[in-house]
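Chain nomenclature is as follows: A, B and C, assigned in order of appearance, with residue numbering initiated at 1 for each chain independently.
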Amino acid sequence: MASIELRDVWHSYDLEEGKKNNWQYAVENINITYENGAAVALLGPSGCGKTTLLKIISGLTKPTKGQVLFDGEDVSHLSAKDRHIAQVFQFPVVYDSMNVYGNIAFPLANDGVDSSTIRKRVYEVAEILEITDLLKEPAGRLNPADKQKVSLGRGIVRPNTAAVLLDEPLTVIDPKAQWGLRRKLKQVQKELNFTMIYVTHDQHEALTFAEKVTVMQVGKIDQTGTPEELHENPASMFIGYFIGSPGMNMMDCTVAPDGTVAYNGTSFQISKKLASGLLEHGNELTLGIRPEYVELITRQEKNAMSGTVKLVEDTGAYKIVTVTMGSLDLKARAPETMKVEEGQAVWMGFPEKDLKFFKDGKKVL
Amino acid sequence: MKYDNKAWLFLLPALGVMALSAFIPLMTVVNYSLHYIFSGAIPEFVGFANFIEVIRDAKFQGALGRQLLFSIAILAVQMPLGIAIALSMPKKGVGVAISLVLLGIPLLIPYNVVGIVWRLFSQSDIGLIPEVLSWIGYEYNVSLDPIDAPVTIFLLDVWHWTPLVALLAYAGYLAIPDAFYRAAEIDGASRWKTFRYVTLPKLRPVLVLGFLLRFMDSFKIYAEPLLLTGGGPGDTTTFMSLFVARKAQSYELGYAGAASIIYLFIVIVMSYLFFQLLTKLGQGESQKA
Amino acid sequence: MRQMEKKLEKRYIFLIVYFILLFIPIYWMLITSFKYDTEILSGLSFFPKEFTLANYKEIFTSEVWMNSFKNSLIYVFLNVIIVLMVSVPGAYAFSRYNFLGDKHLFFWLLTNRMAPPAVFIVPFTELFYTLHIHDTHMAVALGHCLFNIPLAIWILEGFMSGIPKEIDETAFVDGYSFPHFFRKIFFPLVAPGIGVTAFFSFTFSWVELIIAKAATVTNAKPVVVTLTVGIGAEGVKWGLLAAAGVLTIIPGALVVYFVRNYMAKGFALGRV
């Protein structure tokens, strides 16, 4: 168990391969600290650099610039093994020719631990993972979810494991088994208090597993925060859009000093106080509001924007209504009981407290 | 188990061609094996008489014994060597294509050219082997020495066919995802342990294929001993294929047919046994729980 | 880092030594092809004392030799095409379907590869005469199917089984007709496997002697048979044979060179 810090980390694969011109950074200016025992997620779309960061933390890749510190000590020169990192991969990695017991015992056997200690420890781990009845099974014959558990078991069997890194571990698990495995991962993390870093592109996985989520895109960190913080207070348009299902609505608008927020001919009012604060950053901004905060009204009201219903999706618990304002579609949540039909004229209210404003992709105010 | 017999449609073309190129000739051979054939006279049905004659024939037994020894020696050397080569080959970069081409060349040489080259190589007075061996005082003579001859054929086969095993092993080796090696590294496995628990198990299907192919094909060796030593000296290099072919050429078709069937039967049974053994072997390994 | 570099060097030394040993016989054949027969028979020389292209000239100016090369190329290509055309659907059947007798059929197919060509000389000759295809390229191409089709199905089945069945099912659900599915979806996925199979089929057909000899006389006489004439009563014409031998390697080497990327990819993609 250890705290992990990345300090001023920059990495370029191009430079690593010796490219002299036109090289690019895969990750830039990374500074994060994860406390000991934290459940952390690295979230972002494919190619954002999260796997690169994982490799830097695990020691498989040495960063072009910057340091990796475990418990305050620079481990940049240490190999993965010497950093006491355990890793669970995208597809289950088990030793087919051994049974489950042999698999989990393998790291300890290689360390030269005596067999009675190994036995005790393997059974402990198997019990936590609820695979004790599988110990005698050949590892190659298990289903993918159980194989991942075995993988995890190998990762936590050593007493001095600093952290467990999981690289999209649910990728090959079929949807029905995913829930169970996810729950087990979280349970293990909580019980054993491991620092666990979970890399994924699926926001749902990230937000349910982690206490702290780092969202990345294009090699940079957009924001690190708890799931609530990311949801309520996104630091960038990307996060607003990426998190939440459906994501935040975005509307390019113009703000006037008198509080008028205008889009494409229609407008609504915000307080002058808010407006003046915004105008410090310019008057062309992007407004963001989550569908669940958009007030959907069926009669015209003073401070509402008008539009036409394009699509109604009924989730059973609530409805997601797509309203079109010509060139822009917004989504709003409506209660299950509300009667809305396609083609209907509706109006949308935007409560000021739920509005977020962005400029050049970044949050202002 | 649901049967979808639509599959037979897909197989018709292949089966059609095989009927022509395999089934009919095979039936012809079976036919021969049951008859006494004299040139000019009408073949006479003799049931299993040919088979009995073949099994009792000391020459047949000799050829069979020689062949089995040869095949086992081949496997014992070509398999590990092929694996070792595959593991030494570069995994990426320009070296891959170069290695593949270099490795492929012995496989692309017509069998009789192989025979000719090695004959040139081993011929007394003009060959490299006798010359080099004379430097260390060994008198090498491929046509007269009953040890030199089979050993030379053995070396020829290793030279000729190890690349096949190497190519197959290389293919299997490339298919092993890197993640397994990283995991083994994290788990602290030594090089040998990594080989034993990651590489070898993952190579198994391809190695079984290589093993079976080499075993089956080793029985077919014909042109090389014919060209190199003519089967001699004596019959020290008369392996199965050569033995049977000679019988067929001297028009003892009944004998040849029966001998072929017997030898085919032996190869099939042994291949089947090897196959079962090798695939079961993989599932047997486990640690005590 | 030091240790890794040392390990790499040891590996490559082993490989290089192996390649050198591999090439000695070929080098020998090469230099022999550039020598006069008199020099060859008079003793050992590591490099031609008198360099000559006479052997090659004799081959290139000989109609027999040139036709032989042509014949070989023709029937080998014919064989590869036939083998691929029947084996791809065949392998597909084994890979995708369970059917009555499937395991037994597969095994029977493999046993054909064990059959020794030597004993098939007479049956093949008879068969080809009966079909009036004796001494044609088609005869050899068909004859070689004996061992190439089983191998092709064996290899292709392995590759195809690596492609998840879900892809097929999805395509059919999406309304693809079978030919369309095959051309647009399946074929690109299995192409490296086909490349590897084509390579092995080409190889085994190109080098085979016995059936080729049984099936031909003069019209379709392949180079492997023409090579046997160099061994006559007046002694072996080493120089000529060496030159012809060198030339027989070239088409093969070219094929390997051109498909090397397919092969590398095919090898990398999974089971052969």
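Note that in this section a residue touches a chain if its C-beta (ideal position, glycine included) is under 8 Å from a C-beta of that chain, and two chains touch if they have at least 3 such contacts.
Keep in mind that this is a model prediction, so the values were computed, not measured.
Shown here, the protein chains touch in a chain-like sequence that does not close on itself.
Among the pairs A-B and B-C, the greater number of C-beta contacts is found at B-C. Mean C-alpha position of chain A lies 53 Å from that of chain C.
Averaged Cα coordinates give chain A a centre that lies 56 Å from the centre of chain B.
Averaging C-alpha coordinates per chain places the centre of chain B 16 Å away from that of chain C. Residue ranges of chain C in contact with chain B, taken from their complex: 11-12, 14-15, 18-19, 21-26, 28-29, 32, 40-44, 82, 85-87, 89-90, 92-94, 96-100, 102, 105, 107, 109-124, 126-127, 142-146, 149, 153-154, 158, 196, 199, 203, 206-210, 223-224, 227-228, 230-231, 236, 238, 241-242, 244-245, 248-249, 252-253, 255-257, 260-261, 263-264, 266-272. Interface residues of chain A facing chain B in the complex, by the touch rule stated above, are 60, 79-81, 85-87, 89-91, 93, 95-102, 105-107, 110-111, 135-136, 138, 151, 154. Of all residues in chain B, only 177, 179-180, 182-183, 185-190, 193, 197-198, 200-202, 282-283, 285-289 touch chain A in the complex they form.
Put simply, chain B touches chain C in their complex at residues 1-11, 13-18, 20-22, 24-26, 28-29, 32, 84-85, 87-89, 96-97, 99-113, 116-121, 125-128, 131, 159, 163, 167-168, 170-172, 174-175, 205-206, 209, 213, 216, 219-220, 222-223, 227, 240-242, 244-245, 248-249, 253, 256-257, 259-260, 263-264, 267-268, 271-272.
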